[in-house]
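You will see two complexes here that share subunit A, one where it goes with subunit B and one where it goes with subunit C.
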Partner chain A sequence: MNGLIGAVLFLILAPIAGGLIAGIDRKITARMQGRVGPPLLQPFYDVGKLFEKENVVVTTAQNFYVLAYLVFIALSGAIFFAGGDLLLIIFAFTLAHVFLVLGAYAVHSPYSHIGAERELIQVMAYEPMIILAAVGLYMVTNSFYVADIAAATVPAILYLPGVFLGFAVILTIKLRKSPFDISTSHHAHQEIVKGITTEFSGSTLGQVEIAHWYENIFLLGFVYLFFSWNPVIGVAAVAVTYVAEIFVDNVTARVRWQAALKSGWLAAAVLGLVNLAILSYMTIGGA
Partner chain B sequence: MAFLKRSPWILHYDASSCNGCDIEVLACLTPLYDVERFGIINTGNPKHADILLITGGINSQNRPVVRNLYEQMPEPKVVVAIGACAATGGIFRECYNIAGGVDKVIPVDVYVPGCAARPEQIIDGVVKALSILEEKREKMTGEAHTKEEARHAAEAGEGT
Partner chain C sequence: MQTLLFLILFPILAACLLLFVKRTTLRYAVVTLSALFIGGASIYLLIRYAFGDAVYFAAPSEGASMAMVAIEMVLALFIIYMGAKFRNYLAIVLAVVQAALVVYLEISFPGSLHAVNNLFVDQLSIIMALIIGIIGSLIAVYAVRYMETYHHHHPEVRDRQGMFFFVIFAFLAAMFGLVFSNNLMWVFFFWEVTTISSFMLIGYSETEEATKNAFRALVMNLLGGVAFVVALIFLAATEPTSGGIDLARVLASGDAAVILIPAVLIGFAGITKAALMPFSSWLLGAMVAPTPVSALLHSSTMVKAGVYILVRFAPVFAGTFAGFSVGLVGGVTFVVASAIAISQSDAKSVLAYSTIANLGLIAACAGVGTYMLVWAAILLIIFHAVAKSLLFLGTGAIEHRIGSRNIEDMEGLIVRMPKMAVMMFIGIAGMFLAPFGMLISKWAAIEAFVQVPFGLIFIAILAYGSAVTVFFWAKWMGKLVAVTRNVERVEKGFLEEPWAPLYIITGLVIAAVFLFPVISSTLIEPYVLAIYGATARLAQANVGIMLLMMALLLVLPVSFFLFRRTAKHLPVYMGGRPATPDLHFAGSLGLTREVQTRNYYLTEYFGEAKLFRPGAVVCTILILASWILAGVPL
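Then we have the complex of A and B:
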């Protein structure tokens, strides 16, 4: 029953919280660049406007794929906040991105195709680390269920510092922030036109935006899992992580896709695997 | 609801301008003028844009490009011609390859004078364009209503 309430609350509140976080993000980014920045509610104005605009469609299938992207992102987040199985969540999350890539491939536009290819590279880059994060949380709490992990009294971060840092690296990819915002970016509006979202306009682009809000809340929830033994520290850690991501976004230049792929896998291989190896050695030695 | 006025996204195209006006357009985005305060974003994609800022008098090579960009922008949209050349062809108007003003190729809603136009003037032109954008949106939703009603009336007529 609690799970159902969590899922419904996520579906209703996540777009509101996600939009506000996006607004705060743009405000902080502007301040870091010495600007005043847009109003706090600017992301809502943007999406509201997109739903007012004409929807230019080249291939009707593209809108269907984007809708599927939105639905599966919302679904993976809903299972997460319902306390469901972390592996199922990761699979639904990956499937959602496959739909976004298919949507971009549905149109015969070179820019859209480059964006889609780069999105696939991003998926390849973050996937190993996100699975290692799930495995790490399992090794500490003995459960893949989010409800059990969140209720665990063990401070997961003390056992998984490497996994957390690796997760922070791929979080940069997932939040579409520099230096890994290669498929589409919040800032670079003129490189490969707009990457994966080039051919989406009007309400379809609005749906991509809303899906991104859902996604961000889900990812911040994932960060919270590492600190869930103490809610106060957990919320503080989520805030610090996000501000650090904004900082990294503003002080780094975009890398090439090869470097993005290497960084993702290096984070998984060094920070993730080494951490897990030490952890398994410790637990075997302890037992 | 008028979200459109609060979130105008701009497409900037240089149609054979001397680059003077273009530098002033980009100056609007710097921390000094910071047009993102008004939700204005400089996008490179006509399919995401609401306002087309265009400089220069258009030559025979970029004439089809300008028309193409204009047609790719989703409705409602406005065009702001920036600088003397975009308005009339300016000092280049006698050239053999110059169309002599943006309005020779696509409909223009706002003209911003100057050689080069100052950032303050450009921002003022964009603000003027916003009210025209809002008018167009109202007209567009009005037309959609009329079409819908006509369709319902036709369906009702077929039914009886």
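Then we have the complex of A and C:
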């Protein structure tokens, strides 16, 4: 029952919280760049405006894929906040992203094609680390269920510092922040044509934006799992992590896809695997 | 027992009949009827034996065993003849060595070569029988019309369809024999028949390349065959403790140190047959054969024999370093083959590498061999068979229609061949996306490896392997769904008949998701429970979520009706230049230029040249390590 409430709350509140975080993000980013920045609610105005735009498409199929993307992102996040199986959630997110990529392929346009290929490279770059993060949390809490992991009294972060850092690296990819915003960027200075979303407009683009908000909330929830033994520290850690991501976003420029792929895989190998290897050595030694 | 004998003998009967059928329509009738009988019998087998324990049958022994040895000798002579004809002396040497070893075995241990029960059936055999009986016969049905078109497109190839269908049905018979035999001598006999069958089918077109690749497959599989006979000799020599050639007694034998050696040798035979590295090249070479042959080799026969034997011996491997080493061969194969698949643009080549990768994963599960992993391995066998056969048959149909099997040429297939594209889409989704079966197995494998000592290395392999898997499948899907403009629709006019097997298998891919809880609870769990005394299953809540996702996937296309009317259509963005919908834009000097899109293949990182050799070297070392670890007690 708790699970169902969590899922429903996520479905209703996540877009609001996600939009607000996007607003705060833009405000902080602006301050870092010495600007005043837009009002806090600007992301809502932007998305609201998108839904009033004329319905223009290259092919009607694109609407289908983007809708499927939004639906599965929301579903995956809902499973997360319902306390479901972390691996299933990760795979459900992959399914959602494949739909976005297919939408970009479906329009058959040169810009979105390159965006789609790059998005796939991003998926390939972050997937190993995110699986290792789930496995790491399992090794500490003995469960893949978010509900159990969140209820654990062990400070997971102390056992998984490397995994957390590795996760922070791929978090940059997932949040679409520099230096790994290779498939599409929030910043006009990174690209003139918007990569994977080039051909999406109006309400379709609005759906992509809302899906992104949903996903960001899920990601921050994932960060929280590392600190969940103490809610206060947990929330603070999520905030610090996010501000750090904004900082990195503003002091780096986009790298090439090779660097993005290598960074993701190296983070998984060096930070993630080594951490887990030490951890499993410790548990075998203790047992 | 009649059902078992029927499944082994009836395909042989059909095969002999087909040897003499010349007209396509008649052949179609015979093949379809036989397929119905075989499929029906395997379903009857399911109903009859699925709900009880394993059943053993004495079955006539003396005469049958003698006949098998005689046929083995004839086959050896046949290999020697073919080897001499095409000057492949390695094949001759291996055939002679193998025949000599068989003769030695028969002469030296006449007392130890009897099994109390020669045939048996349990849930694993039933699963294999269903795969062979349903998928295998559907492929045979598809093959009839395919071969007709094939000879139409390739007039230079000698028409030997009688032989072709004879071998296909003999192949099915051998596969049934293999999964029903409790006498390891019989298993070995059927094992050899599958080797020869694949040799005949790969070399069908009689071109230089086909012959060369057929011999490569033959040599590699004979190598495995030699290891198999050595294992048999070892078992016969240690009969009192190891259980001799009685599979059930061997598996139940308490003397782990003794049976580990033959298990690793038979496992090596499984590795060659399942085309794991360094033996993967024979399966890649097998692509020269007509597509139904590839479908058969990859999904329901041949390679599945390899992983079947590995899964059978998984309880022996469990908890041993030798088994761990065999598992690592599979694991390394999985990650390397998946990575190489990224760099391939030929559809059949991508499918082949994906098969090798998945067989590697199955071997990894079987080698480590805990009950959860065996559960995952069997699940992988089922789902892989269904989805992969669909993809091969689909690729064959597409190739005949658009004249190419390059993935780049499949761009816009959703417009040109919508039905085919949807089926391919479902097949590909079945290979890597939640909530389809392959993903369930990977997921279960991760959960299982976490609990194994040193399982972390497999977790790493799975984490990287799944990442590259997503990349190469998704970009292929992307090509299929690209909505290209101003292209002709070429689906109609294609021979109608081959579609029926495709529709059925597509249905099976989807049905497998819905039926998977039932398949697991009636077939896989009882088998695992009987062997290990414990079993794995997916939590009810997760099953519910998977079904919900599947239902959503089936419902979402309805949303197409919502979009249709109001939208305004515009050409794509071309840097602001005037553009037409079919990707032409106004260039400078008044010239119209065309834009083309191509997928990334990242050859520099994932090329065959870069990855194959290291992968093969590592796997060879691991195989040698498994032998040493089995021989040296730690």
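In this text, the second predicted complex is superposed on the first by the 283 of 287 C-alpha atoms of A that agree within 3 Å, B and C clash if a C-alpha of one lies under 4 Å from a C-alpha of the other, contacts with A are read in each partner's own complex, and residues count from 1 in each chain.
Throughout what follows, contacts are C-beta pairs under 8 Å (C-beta built on N, C-alpha and C of every residue); 3 or more make two chains touch, one makes a residue touch a chain.
Keep in mind that this is a model prediction, so the values were computed, not measured.
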For this session: Please name the chain, subunit B or subunit C, that touches the greater number of residues in subunit A.
Result: C
Exercise. Touching A:193, do we find subunit B (first), subunit C (second), both, or neither?
Worked result: both
For this session: Quick one: classify A:84 as touching subunit B (first), subunit C (second), both or neither.
Result: second
For this session: Check whether A:53 is in contact with subunit B, with subunit C, with both or with neither, and answer first, second, both or neither.
Result: first
Problem set entry | Touched partner set for A:4, first subunit B, second subunit C, both or neither | neither
Exercise. Touch check for A:33: first (subunit B), second (subunit C), both, or neither?
Worked result: first
Exercise. Touching A:42, do we find subunit B (first), subunit C (second), both, or neither?
Worked result: first
Problem set entry | Contacts of A:205 with subunit B and subunit C, given as first, second, both or neither | first
Exercise. Which subunit A residues lie in the overlap of the subunit B contact set and the subunit C contact set?
Worked result: 54-56, 193, 198-199
Problem set entry | subunit B to subunit A touching residues, read off their complex | 1, 3-4, 6-7, 31, 34, 36-39, 41-45, 47-48, 50, 72, 74-76, 137, 140
Exercise. Tell me, which parts of subunit A touch subunit B in their complex?
Worked result: 26, 30, 33-39, 42, 45-46, 48-49, 51-56, 189-191, 193-194, 197-202, 205
Problem set entry | Residue ranges of subunit A touching subunit C (in the complex, touch as defined) | 54-61, 63-65, 67-68, 71-72, 75, 79, 84-85, 87-88, 91-92, 94-95, 98, 101-102, 104-113, 116-117, 120-121, 123-125, 127-129, 131-132, 135, 138-139, 144, 193, 198-199, 261, 265, 268-269, 273, 276-277, 280, 284
Problem set entry | Complex interface listing, subunit C residues touching subunit A | 411-412, 414, 433-434, 439, 443, 446-447, 450, 453-454, 456, 459-460, 462-464, 466-468, 470-471, 474-475, 477-479, 481-485, 539, 541-542, 545-546, 548-549, 552-553, 556-557, 559-560, 562-564, 566-575, 583, 595, 597, 599-600, 605
